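The structure follows.
Note that the chains take the letters A, B and C in the order they are written out, and that residue 1 is the start of every chain.
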């Protein structure tokens, strides 16, 4: 157990940040290319999770006493849940009216 | 006593409140407001009455020697640039306040009778009130910027009111002409204000004058430039007070309803130019060249107006030219340094000219009963004659006004005109001569007007004259096509117009004109009193006026000294000569138009070129039309042809390019949310890259 | 006793205005629950009363000697008070205009007002937030409520679509913003308070690191989304067109003001060392916003869409004040936002009125309106001309002040561009005015021909009228009597301590980069 924690400490901060950055980029990719609106919402969750990862990493490496980053993460998760709920509600409403969740179809408003 | 000064701001604000409330009522509850005609009128008039009482109280307090009162508050401040606004009450202001409020009050009372049948009755009161408010605001302004703002407001009200009957083609044209002519002057004024601010860094009258003086003396500002600024500022009064060469708009402005002509284009607004010269006196005083320009402009205008007035047949046009001529007197007085004489004439003229105009309105009102609502007939003196029998009150008051303007003692005009002529003689005998000759002409044309309107026998039912006038009117109109009612902005709806024409049928075609209703005659009588008596405050024996109003550069002691220097014989010579020439004018007029001993037509044909010159207003309208209107059109066409491909192309291209790029760029909004997200991420990435590279 | 102690320690009195809004919100939600549908008669007025009470409470807190509260998470200085006042007022006016609109659309009024008050709460907290978590939470409170309001007319597919677009773009820019914030948290060594972040960055001498610049750009992206600055503006026209008009009014004023408050505080407190960088970014945004907003507005046919682009352009103008970075610059921003509050809300009130009466918002349908409804024409003309910056009106003084401040600060290019684009903007504002006023009767549009008789006594119309007259009077008087507003804006800046260091740090940063570049050349 002690060994693991030691290893963890020896892992450099960069790896976490790189992972977070990669997750963020995947999120962006999914956000832009998905045709299904629900998948787009999921991609947004990826973006936020990348942020969470960042915050957690910084919190444990740089701010282990006050762990403000961890608190921040809790808030981000909560807000993300609220956002997802609202997002799903909107998608539900749009599905009722249009019978589709295809992003390509949603261009009534343009120009 | 302090309290009335603290609440002096109410003087311009009260009419404003009236205008706002009635205006709001008109906008939101049109029919209800229009139905409550008298109620609105009483409301507006009583507000103005309150303002009038306050003004009188202020005048009394000033006369008792209360110190001038200034209250300003910072309006806009940014860094070291401060713009204040507020109000100032000094002798000049108090005097002007009383003049404006009393004349406006009486004109409003008069309006009730004059506009009784007009569908725009309530709207007219709203405009009148707005005008009074702007004019009072102009008068109390403590600095030149505020004056400029109110100056424009006053002008705007004037256009609104000139074009009040916008469905008349002539009114619409006149309104446009007034607008363009005034624009020339206002532009000069604005340039002048900016130039003076640039030179002196101040908008206060005294400060500008003092600093300009110092700057010129120390040589840091060339006298030429100072003169240029002064003359640019003077351009404002030239346009507003209808001085040569920008006088052409005033006669046309008589297309507006007569109460407007009386209030705005005779008594108050046109005097604003003279008021501005008085306010800017510290600036002009130190620049002799500017003073000379002012004096000669005034003198020439006085002569010009009088000569044109001789041959006018339209009663209002005649009075308009007489106004131009009298304004010329005032400006000339300012130019020769007779500050208080000029303002004295402003005051007396305000009363007697307002009365004359209201009298002419009363005449027109009476004539309309016979000839119908046709300005070409109702305002033409050739249709009148013998009206004294039908409208005695109007006739008597008109006679008083005529005597006053002709300078017959002891009527008001005599004292003020005599003072101006005396000062002019001291400054430059040539100016005196012009003024003196003009006085004679004035007496002649005013009595011509009086005799042909009120004496002799009534000609209104002679159908051949009517026919002649009608055909003449048709010929003078450029486009004799039937006037299609023009529904532009501010248009009334057709029902109102129909009501108007119904009126003219039911109203016209009685045998004789009738005396006007009491609301119209009462103001006439009320104005007759100052027209007779007001001159007595400024007699050379006991010149209270001069003690009260004197140039800011002089002290009371100096003024008293000057007054004490009064020379009895000199006064008699001056007064005698001017009364003499007036009497000659009157005699001539009575011979020609009362007794018919001399046939005016014969004289006219014997000096045909001169007669034509006067009848055609010295050809100013034609010259302007040819040179400025046509000339600028031709120039514009040539410029257009030459630069068609260059300038026009460039401008069009820019506009076209803007529109096209707008059209093109809007397709970036293709409605796809994910594309938008892409742009967001792309922009973030782009900015990061920019920073990474640099 | 303990609770009182806690309140005292946290200095919780500073959020009394928010407390009032929150209480109002609770009253409305619970009252609606108990009374039911009929509650909609008093609910809007309760909300307005609560908001006005909050404004009064804000006024009483003016010039608070001890503005820092909640251990540095919330700053109730005069700057935040002005912004919170703007937001609360904008909500109050928006509620006035929404009553009739929401009732006519057949949805529940109480919920709408509840959501709107929540958004207001978020905006107000955002204006004073000076700690990253607080900023995030209040930003999201504002955003999520806005998404809900945008999709409030849920049977209208356009409203649905607007809400979805707003949510997606909003969430992704929140993601970007948060990513930047997380980097900032890390770079500052685990600080979340803005001032602590700034000093930690200064201590670590990080001002040239790429990481910091990345976090700056990411954070600005989040802010720019809220103030709809180009190129983060693309949601604006679609959302404005699709969502209920009162919501648009709130978004264009309240939400935008909150965004500007955030921008001022964040840039000055957290990034004082990167002043050159953030000024550069905002300059780019301002240029793009002014050009894009005003040029594309020319090509619009729908009134709401045109106002959307106009609001993008207006954001560009306001950014000039931010870029100027001087006291006059910030004061001019506040002044302009105050003026903008009235003129823009006035324009939207007119829009709602016209839509309610005719059911359309095409610009061409306005032609000849003067002859049917002079009051509406007058108000809309005044508001649009003021937005365009025509002299005696309030907007003119606002623009002059902004441009003057920009010029003083040496932003000549920006000011000149601002002037040019103002001319462009006048063109499209005047186009509408001309359409309404100058048309002959035969050119009247069909919508105007069938214009119903003006009736103010229908339910919900009275408040609309009140809002209309209020904004009209404010727009026309604020220009002539602008000095109280000037004084308000100036003193709020002068008394705000967080803005003072910028003067020092701008000198400081002028010398620091020289040293840094010297270091870099050594490497």
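We adopt the following convention: contacts are C-beta pairs under 8 Å (C-beta built on N, C-alpha and C of every residue); 3 or more make two chains touch, one makes a residue touch a chain.
Please read these numbers as outputs of a predicted model, since none were measured by experiment.
Judged by the touch criterion defined above, the protein chains are all mutually in contact, each touching every other. Interface comparison, A-C versus A-B: the higher count of C-beta contacts falls to A-C.
Centre-to-centre separation between subunit B and subunit C, using Cα means, comes to 47 Å.
Remark: subunit A and subunit C have CA centroids separated by 27 Å (rounded to whole angstrom). We define each chain's centre as the mean of its Cα atoms; on that basis subunit A and subunit B are separated by 74 Å. Multi-chain contact residues of subunit B, defined as those touching 2 or more other chains: 666, 669, 671, 673-674, 677, 681. Annotation for subunit C: residues touching 2 or more other chains are 164-165, 168, 172, 176, 237-238. For subunit A, the set of residues touching two or more other chains reads 28, 31, 40, 106-110. Chain contact summary for the complex, subunit A toward subunit C: residues 17, 20, 24, 27-28, 31, 37, 40-41, 44, 47-48, 50-51, 54-55, 57-59, 62-63, 66, 68-69, 71-72, 75-76, 79, 82-83, 86-87, 90-91, 93-94, 97-98, 106-110.
Note for the complex: subunit A touches subunit B at residues 28, 31-34, 40, 103-104, 106-111.
Contacts from subunit B toward subunit C in the complex involve residues 27-28, 30, 73-79, 487-489, 491, 493, 658-659, 661-663, 665-666, 668-669, 671, 673-677, 679-684, 687-688, 691-692.
On subunit C, the positions that touch subunit A within their shared complex are 132-133, 136-137, 140, 144, 147-148, 151, 154-158, 160-165, 167-168, 171-172, 174-176, 178-179, 181-183, 185-186, 189-192, 237-238, 241-242. Within the complex formed with subunit A, the residues of subunit B that make contact are 666-667, 669-674, 677-678, 681.
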